[in-house]
Amino acid sequence: MKKLINDPNDVVAEALLGMEAAHASLSVDHANKIIHRAQPPRPGKVGIISGGGSGHEPLHGGFVGLGMLDAACAGEVFTSPVPQQMIAAIKLVDGGAGVLQVVKNYTGDVMNFDMAAEMTASQAGTRVVSVVTDDDVAVQDSTWTAGRRGVGVTVLLEKIAGAAAEQDRTLDQVADVARAVNANGRSMGVALTSCTVPAAGKPTFDLGEADMELGVGIHGEPGRRRVPLAPAKDIAAMLLEPILADLPFTSGDGVIAFVNGLGGTPLLELYIMFNEVNTLLGQHGIRVARSLVGSYITALDMAGTSITLLKVDDDLLSLWDAPVNTPALRWGT
Amino acid sequence: MKKLINDPNDVVAEALLGMEAAHASLSVDHANKIIHRAQPPRPGKVGIISGGGSGHEPLHGGFVGLGMLDAACAGEVFTSPVPQQMIAAIKLVDGGAGVLQVVKNYTGDVMNFDMAAEMTASQAGTRVVSVVTDDDVAVQDSTWTAGRRGVGVTVLLEKIAGAAAEQDRTLDQVADVARAVNANGRSMGVALTSCTVPAAGKPTFDLGEADMELGVGIHGEPGRRRVPLAPAKDIAAMLLEPILADLPFTSGDGVIAFVNGLGGTPLLELYIMFNEVNTLLGQHGIRVARSLVGSYITALDMAGTSITLLKVDDDLLSLWDAPVNTPALRWGT
Amino acid sequence: MSENLSAAAMAQWVRQFATLIAQNREHLTELDAAIGDADHGANMDRGMSAVVKALDDAQPTAAGAVLTGVGMTLISTVGGASGPLFGTLFLRMGTALGDAGEVPSQELGTALRAGLEGVVARGKAELGDKTMVDALAPAADALDAALAEGLPLADAVARASEAAATGRDCTTPMLARKGRASYLGERSVGHQDPGATSVALLLEAASELGR
Amino acid sequence: MSENLSAAAMAQWVRQFATLIAQNREHLTELDAAIGDADHGANMDRGMSAVVKALDDAQPTAAGAVLTGVGMTLISTVGGASGPLFGTLFLRMGTALGDAGEVPSQELGTALRAGLEGVVARGKAELGDKTMVDALAPAADALDAALAEGLPLADAVARASEAAATGRDCTTPMLARKGRASYLGERSVGHQDPGATSVALLLEAASELGR
């Protein structure tokens, strides 16, 4: 295992020390592993927290700041945080208008955030609403299963809901915006290599030199199927077709197109992918209203990419354009 | 070779298409492979161009925009651009106040930029000044050799000189600022894996599972020596000690501390490295005035990191803090 | 394990479980790598190490309190799916045992069933969904039946352990419908469920102490 | 190669050089990977492919103009260190041959020396710095000497080719003091210089045509 780390057990704690030292706008509650804005909550603003297993950086801690999250709870690598963390985070960010929890749809995340909401409601009386993202079309959806995984849409949702909260919309309104984002967003990813969980010390899966894992999860969960390596053009089509078919997106729609790197893939390749995505969308008559290209929701050191499309109306678009000032996304401020 | 590309020969051209599509603030001259601001040059402002081989993204194209570069010339992967590109870029960005060329110290880059400056001077009469970065302490310096490589300082220089130009400082003043940055900045890097040049199709060097290459170059040039893998804490010391000794930096100095990822290394690890760097600097009494953590000058898909320290005075610091609005660095606007 | 459930016996069981988890840490992680995210071994080991540490620091004097303490520690140190689920399992078992210092051994059956119900309430998994429930439910059934037959606790626990092991093995051909493995659809078939494997270790720990 | 240097002969030489570069593309890249950045083969091949394409489109009628055209094409398509250096080499050779349609074969010696001087002026490398100069300078010396001895062009070129090959081989034990390999210091020792290898191919191309 080749990683810039010390003891695998200290990975999360030490990264939080680094984040705190690097960003004056952030504070860290090290006991509870919470990254939060250095400024106290603005009264009347809905607080937004998120969190999840670590290993997806900059998600979520890198999205804490004006116009996005108020706090992020960092779990162990690929393991959701525990209820105590969310309870403490809710307390930190509560400005009297209630708190929205952004939860990616994994059994562990959902249960731990739910327990936190239950305990907070019974103890502190703060109103807590959870919105769950489940945008990964690689997973067969069904009410009989855990449903789909939450992936790339989470980034867009945190930005857009964050902007809505900054406008002093109510908790229900912010939650509605968040649900609209999840309802209109779809994603799918592909891995060229496995990731290596530090505590495991070896790659999660073996992938032949000529193979890739189509529909991989951001924790290295196996995807739809293993297929031969393909040119960027074909990969873009393999990822886009299921996305486009699922919502479905139709000609004339405006979208935010998000090409994401999974941690081990350089920007050069992401721009090549974006070029293919942009071309394919043009062929489908879909208008790229905004775009985002970079590594924003990663799977440790995995080489690969995911594509997320979010169908936008004017409200979502103006919320996307609103000022944001976080370590990983920043504009308009 | 596992890459999100089509034909290796089309890598640069297709990435430029993607960049142009992704960023409304940029335009691309595809014939000359120049990324430039969509806005025409502001009369009276010194134009700043840079460029070099591709494969270091976001450097340089991702740094084109308000407060930083006016244009970037993209060469083939790891191969400097040709004079015609710089000649065309100089013409594009000339606002009547002359043009600064930021050149990394590689024989090819220096020669091609020099030829461009010579030809421009003899043809168009535009005043062109080149500033060469040579901050890599891994390389033994000597007047008998090609000197040191230009690496991480280039990013900081482009930001700071860009801010100086935006203030309508003269070409000589901007060049002086640029030289001051290079004179006060030092870097060193380490590779955990080789990069793979697309046209070569296989890793540039073999590196054992338990080894790393200390002092590696951003083109996969071999470094000072091959050493066993080490914890982040020790790697930080191995990189920092030669840097600190070289200028030398002394107790009480304020620095911009820049922990850079080489393309295949995720942010999680960079924050762990930054924590170690920050701690070590504290032990040396060196004050981290500002910091930058992320993958800004990469070596394709190489896993590894580089550390850059820039000793700053008030002028350099206020230029660093000045507004910048580019795809890869953005604040204050 | 004596015929009355004491705090000491409960602590011994929990410590033995922690030992088995530590020994099987890599195995559990490998099972999770195949159909999940390669952290189940680390998760359970982190939690059970914290449990042992807490027991070293201060051990409750009531049997039930030992188990609720374990549940609280698991919930606050594990995270993921197994944190709330194993946490709930122990919490409910402890609550079912009540406040008494020692409780009659039959109560273990009641406790295990309460724990199972807690897990089902939290995770909504049914039998056959390829989760820890597939080991836990047969174990609870076997324990109840054995105790009803009037078997001594040690024998009853041994039967429950066998049932858990069989339940664990039966997860291999199943198609996952809950938890992370469910994302795999058909590709989850042919792999043993990590959580069910941990449950089997929990019952194995009990049965080892009974021997 | 005839005793007068015609545009056709120059074009034939250049085309043969392009062929040898294409055949040695991987070899050149491997040499560059060891002490540089693994692009010399791609660089030279990209440039010489463009040269051949330009010659296919329109071939100048003067010997010198063929070579200056090659130089311009290399400068505008190669980049890196080899673009300006090989570009300058051909530019200066072409300029030295002048505007005449055909020039006497002795002029090739003058041209190669002019090219060498251009490379040294541009790159500041001295003999022994482990660069293309270490193959080019001995080749120019050998060609001059052979032509001065009155050897036929074919034989003179063959001698120059041998000298270039020897010069190329001599770069292996050298410590690089110019170009990217110089960053390696002591670690550059024991590797053959890629640029010198390309120069040896250039002279080999000439000598093959002479046979």
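In order of appearance the chains are A, B, C and D, and numbering begins at 1 in each one.
Operating definition for what follows: contacts are C-beta pairs under 8 Å (C-beta built on N, C-alpha and C of every residue); 3 or more make two chains touch, one makes a residue touch a chain.
Remember, it's a predicted structure, so these values are computed and weren't measured experimentally.
Any chain touching chain B that also touches chain D would appear here, but none does. The set of chains touching chain C and also touching chain D is empty. The centroid of the Cα atoms in chain A and the matching centroid in chain C are 32 Å apart. For the pair chain A and chain D, the distance between mean C-alpha positions equals 55 Å. Between chain A and chain B the centroid-to-centroid distance comes to 29 Å (mean Cα coordinates, whole Å). Touching two or more other chains at once is no residue of chain B. Across the assembly, chain C contributes no residue that touches 2 or more other chains. Those residues of chain A that touch chain C in the complex are listed here as 53, 75-84, 106-108, 111-112, 115, 136, 138-140, 142, 144-146, 148-149, 197, 199-200, 204-205, 217, 219-222.
The part of chain C that touches chain A in the complex is made up of residues 29, 33-39, 41-43, 46, 75-85, 122-123, 176-180, 182-185, 187. The part of chain B that touches chain A in the complex is made up of residues 2-7, 11, 14-19, 21-22, 54-55, 57-58, 62, 192-193, 209, 212, 229, 231-233, 235, 263-275, 278, 288, 291, 293, 295, 298, 300-301, 303-305, 325, 330-333.
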